[in-house]
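Take a look at this one; I'll ask things after.
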Amino acid sequence: MSRIKVKIKEQDLTKIREICQAHNNEPGELINVLQQTQEHFGYLPAEIQEAVAQELGLPVAKVYGVVTFYSFFTMIPQGRYPISICTGTACYVRGADNVLQEFKRQLGIAVGETSEDGKFSLNCLRCVGACGLAPVVLVGDKTYGRVAPDGVKDILAEYQDKE
Amino acid sequence: MENVKLTIDNKQVEVPKGTTIYKAAKQVGIDIPVLCYMNLEDIGIENKPGGCRVCSVEVEGRKNLAPACATEVFDGMDVKTHTMRVINARRTVVEFILSDHPKDCLTCKKSGNCELQDLAVRLGIREIPGQEYAEMSTYKTDYSPSIVRELDKCIMCRRCESMCNDFQTVGALNAFNRGFDAAVAPAFEMDLQYSPCTYCGQCVAVCPTGALTEVDHSRDLIDAISDPNTTVVAQTAPAVRAALGEEFGQEPGTLVTGKMVSALRRLGFDYVFDTDFAADLTIMEEGTELLDRLKRHLDGDQDVKLPMLTSCCPAWVRFIEHHFPDMKDIPSSARSPQQMFGSIAKTYFADKIETKRENMVVVSIMPCLAKKYESQREEFSVEGNPDVDFSVSTRELAHLIREANFNLMDMPEEDFDRPMGESTGAGVIFGTTGGVIEAATRTAYEMHTGGNLDGNIDFEQLRGFEGIRKATVDFNGTPINIGIAHGLGNARKLLEAIRSGESEFHAIEIMACPGGCIGGGGQPLHHNDTTILKARQKAIYEEDKNKPIRKSHENPEIQTLYKEFLGEAMGEKAHELLHTNYFDISRKIEIS
Amino acid sequence: MGKIKSLEDLKKKKQDLQKKVDLREKADDAESYVQIKVGMATSGIASGAKEIYDFLVEALEKRNVEAVVTQAGDMGYSYAEPTIEVTKPGEEPVVFGYVTKDKADEIIERYIKRGELVDGILPQNYRTIDEE
Amino acid sequence: MTRYKMHLLVCGGTGCRASAADSITESLKESLQEHNLQDEVQVIMTGCFGFCEKGPIVKVLPDNTFYTEVKPDDTGEIVEEHLIKGRQVDRLLYEAPEGGKVKDSKHMDFYKKQIRIALRNCGFIDPENIDEYIARDGYFALGTVLSEMTPQQVIDQVKESGLRGRGGGGFPAGLKWEFAYKNQEQPKYVVCNADEGDPGAFMDRSILEGDPHAVLEAMAICGYATGADKGLIYIRAEYPLAIKRLKIAIEQAREYGMLGEGVFGTDFNFDVQLRYGAGAFVCGEETALIHSMEGERGEPTFKPPFPAESGYLGKPTNVNNVETYANVPVIINKGAGWFKKIGTEKSTGTKVFALAGKVNNVGLIEVPMGTTLREVIFEIGGGIKDGKKFKAVQTGGPSGGCLTEEHLDTPIDFDNLLAVGSMMGSGGMIVMDEDDCMVSVAKFFLEFTVEESCGKCAPCRVGNKRLHELLERITQGKAEKKDLQRLKNMCHVIADTSLCGLGQTAPSPVLSTMENFWNEYVAHVEDQRCPAGSCKDLMRYEIIPENCVGCTACARKCPVGAITGERKQVHEIDQDICIKCGACVDACKFDAVTIK
């Protein structure tokens, strides 16, 4: 009979312990812990969730249940240039869907996916509060306002040569 | 308690404040359909997510419909449970649920015993509009040694989640995803066998659909019996006889021991034995071990581990291996009755009938799903040949009996075969919470004091249904503190007390299921009625009372077994055949 | 920074802080204050409008006159610069020319505070700055 | 203390910051330094001005000059021309839709009809400076309450004001406080719901970004009134700026003794912590929000018990949203009577709306309850963009409905909106024009609900999915007339049986569009036609052979290679491949591509 082994890098485990301890290893702080953990690692792969579960004394199934409930958490590594398209109502009525379709087409990935080279990932989000600029696209922290489908190419080109 | 007066379907009802519409309606004989709702009153588990909305009723003055299972009554409330608005809503909601549910009722294991199917029948659902373009959830089926998960059939009633987390504190199952994609599964949707699941089967016991079912061995059984070169040996656990009758329309608590024996014989088993025999054997070993530990403890040995915990329940064993691996040396090393039986059957008994173990198939009939897994544990096999080949549940046996066109209740009363069919009342009570420790007490008391209990054999203080019970038995001046827990959540509390050094117990009995094996995951479904479990418990004690011999060490066949084959209890041979080790199978986070 | 221990403390603190947002609050409700516009076109600046502007802000504050001082472009009186336009609440605007610091002082003290007429009022040939 | 002669307010709301408000602030400061004006002119980054359409915005005080669409490069000119020479930079002034430059914000229609209570400090003070808040009478209400009023008096005052919850249902806030107050159990909690998730509403974010102390003060008042000593703000993690400003505000308030042990030197203790939401719309529902704060999946639970009976950690909890709290200090300072005079009888005070969509002036506005939709859309909003025709306005977000021309003169309040099949919701207001297909709009909202459903109850989990599927069929022209009846029935059952407000109101966009635009539904199912011309599946791009000269321009532009044809031959569009992107129409110089 053997144990289920979960492998994780030492420094990663140390970091998770640090975050959990900062929250007194309190199970009720799970969401705050996951926030910070994702902030550090960029995403929440299985082994990270296992470690968080262990530190907080929670079943890993519960941690997974929480991670999959909230759209902010992701188990897929984000691209170096995460693209988020606002699909709030204001952006929708000003044509966000066409912009989204164009991104999907140009990148060849679906929403929630990351391009093969790890460069771009594509996500939708609801209202960034910049309705005056609708439709709005975010690449990392940079905001692009009044984006039209034929502007998609130019946005991508900006990052194409960057590493 | 303050009372509230209300009207349900024009009937006046008076109920205590805080009662739900559902319960109030029940009092006046109005049956409101429910699906997700589950109230296991006797073990304090109420699953009331208000998720299925099948129990929706109309309440005068309220804008929308109210879920009867969760809505408390108030004075002057006017409830209508079956108006057209309600009927339409119920039907539409069940159509919704069915539109995301596979339509393989013909071959579904739950067919005929499925709450969703019953509901569809009751609500007269004949078609599902829009089914042709309705997207359906798809998941792969997960087969573990005990339990099959078909997540496509999950309707998010959350009953399994309640059992796994609230009652068992195992935490293998949890809701994941949200919206249409939500379902209940282990972390990362991994297979159950890689999760901390103990295979207690309580999720299966409460699942209203075919999403969680047992691994079915009835085909293996048919094959084994059909093979003329194989000697097929049955062992039947005590809790089976107290519940099998329910599958044939009998009142809960009807004992069907003799009829079950004759049915098994007619199905073609070569030998029909009793796990109770092995239970007596377990008491010999476990009782001896307890006395040994006690004696060393009283002599001041600091290394001795006390309390000693029972080890008959495979789900409980897996629980400690998973969740308390640091304490894996405190359960008794005695194997469970099922495994003791298998090991003796394939040695002692095989010799007797001059058969090789390869030509024998030992089948256990169990109230339990974890037994399926236990029989597959590597340490319980000899060169790949398992001591117990496979285990079938009470439900599977009932199916097979019906399939063979036997009406159980018309079967003659017959007795078990010998030698391994001889058992005592002590073996019988293994089927209920408190029974193992009572059986052990009967034997240990007499062994320790050298006296005779005579008529004072009923240790009432050890019986009952509360989750955790404590009692002190006077061993002739030595007070022995005994703890009993059923449900792994209750077990957890006792284990944590031991870990922190607060426990004053000498011996603790733990069973994973509500009420012990009588409430096992392989039993006829109780459909939320825990009084059924209590009736089974009563039947078990009745069977004990009716037995001519009620102490394990007085079982003549056991005495012969030691004399002819095993030698001493806890002796070398016994150690090899009847004891085991436990493993640390907890999840391990390793540095890579 | 010490803690505020009572409502009185807070009131005192507010008085000290009032000035921080004074300007904004007055701007929001300019009509109820004395409004002074200082002509600050290039010619105005050359003739010392900036100094007058600074002087007015400080002098008004010193004398506890609640007023809004703003800059304005060419007011159309380049011959008389520096010029300022003073509008008292509910009254017609009045424009003064050749404003020096002394003159400004006099305007505040006599025209604004006491409502007396002061020399140097330019003829009413202007349009209000708002309506150009 | 430096006495600044002029103030430059730079809008630091999210929208404006997204378009470089930070670098505008920086370069303004640099320019001032260059001209040695740093001691005379103060640059303050404030909260949202509301006029997001024309952001980034810089306002010059005291003369109220309102510069729009300012770019970092424009700052030099503002300093040199306006500040030094006193000449407004004309090209940056707002141009009214009817023409003409508007020099100061007080003359803009956008602001004329507004009364700002909840937004009183937004775009006015530096939200990162408690002193500016105090200078605006900040913490006076708290001080008054603690030194002069009993909890019951506070509750009575709030009840008397008629303040109703601004988050959705419009439950009277004072009553809620009273429930929590009467529950004897301790500890109690005061929770601020800042999990704004309505797509197209951002008022709560703007208040937190522009005036965080107002919320802290109100929570402390609520804590005193209900007997709670702990406050929690549940805020979306996607609101980093609001979080940052709240954190600063909490620190400053603690420093001043406005939070913490012994507030105002009394024996009242109250402190506030932040809890982060992680992107689940359903967490706007108070029971779901509480579960989320406890580290659980944000699934709602059946009420009762209400949070006032059993809330956070099973303790009495009062939950209000940001905007509701923001009104409280003003009510205490100015009195319930003053507040009641604003608005309508049953909906007192003002309401903040996020006006967006096909309207000229997109932005955040605060108007008295009872203002009509017409005033909001055509006066404040400046009418429909590009001179198109008004078709509908959607209020209440995914829980609300679409209202038409005939509702334009309906005074906006909680009850009126409900009566016409929509709701106030959190205050999203999306304007649509003749190009918007109402079936598609309903589908858009359903898509949102399906995505945000927690999955706990069957009607919402499965039912809304089925609704969405059927709407999809309708927009594809694959549905039949009898399906419309089924659609309606599904809507009613989902509304009737869902567990929480999310599910109960999810069908509203469908029901209201069916009610108001029935013909549009019928056109989709009977004639396979989309009257607004927006449903792609009901469109066909075809080449008119007579016009086609075979120039191949369209074939070269087609992104999916759906157009074939030899040079100088008539081309053809393969309907199975065509994705209806319209590139061919733009490419054709001979008007040979037509949309059917």
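Letters are used for the chains, namely A, B, C and D, taken in the order the chains are written, and counting of residues starts over at 1 for each.
Just so we're on the same page, contacts are C-beta pairs under 8 Å (C-beta built on N, C-alpha and C of every residue); 3 or more make two chains touch, one makes a residue touch a chain.
Note that this is a predicted model, so its numbers are computed, not measured.
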Smallest count of steps, each to a touching chain, taking chain B to chain C: 2
Touching chain A and also chain C, the following chains: D
Which of A-B and A-D has more C-beta pairs touching across its chains: A-D
Remotest chain, chain B as reference, centres from CA atoms: C
Distance between the centres, which are taken as Cα means, of chain B and chain A, whole angstrom: 43
Centroid spacing, where centroids are CA-atom means, of chain A and chain D in whole angstrom: 23
Whole-Å separation of chain centres (CA-atom averages), chain C against chain D: 40
Centroid spacing, where centroids are CA-atom means, of chain B and chain D in whole angstrom: 54
Contacts with 2+ other chains: residues of chain C: none
Sites on chain B at which at least two other chains make contact: 175, 177-178
Of all residues in chain A, the ones touching two or more other chains: 65, 69
Chain-to-chain touches, reported pairwise for every pair that qualifies: A-B, A-D, B-D, C-D
Partner chain A, residues of chain B touching it in the complex: 165, 170-178, 185-188, 194-196, 321, 377-379, 583-592
Chain B contact footprint on chain A (complex, rising order): 1-10, 13, 46-47, 49-51, 53-54, 58-65, 68-69
Contact set on chain B toward chain D in their complex: 48-53, 56, 64-65, 67, 70-72, 85, 88-89, 92-93, 96-97, 99-100, 129-130, 133-135, 155-156, 175, 177-182
Chain D to chain C touching residues, read off their complex: 1, 3-7, 9, 40, 61-64, 82-88, 103, 124-125, 131-132, 134-137, 139-140, 143-144, 146-148, 255-258, 264-265
Chain A partner contacts - residues on chain D that touch it in the complex: 13-15, 18-19, 51-55, 197-202, 205-206, 237-238, 275-281, 292, 294-298, 313, 354, 356-358, 362-363, 394, 397, 428, 430-432, 436, 441, 444-445, 448, 454, 559, 581
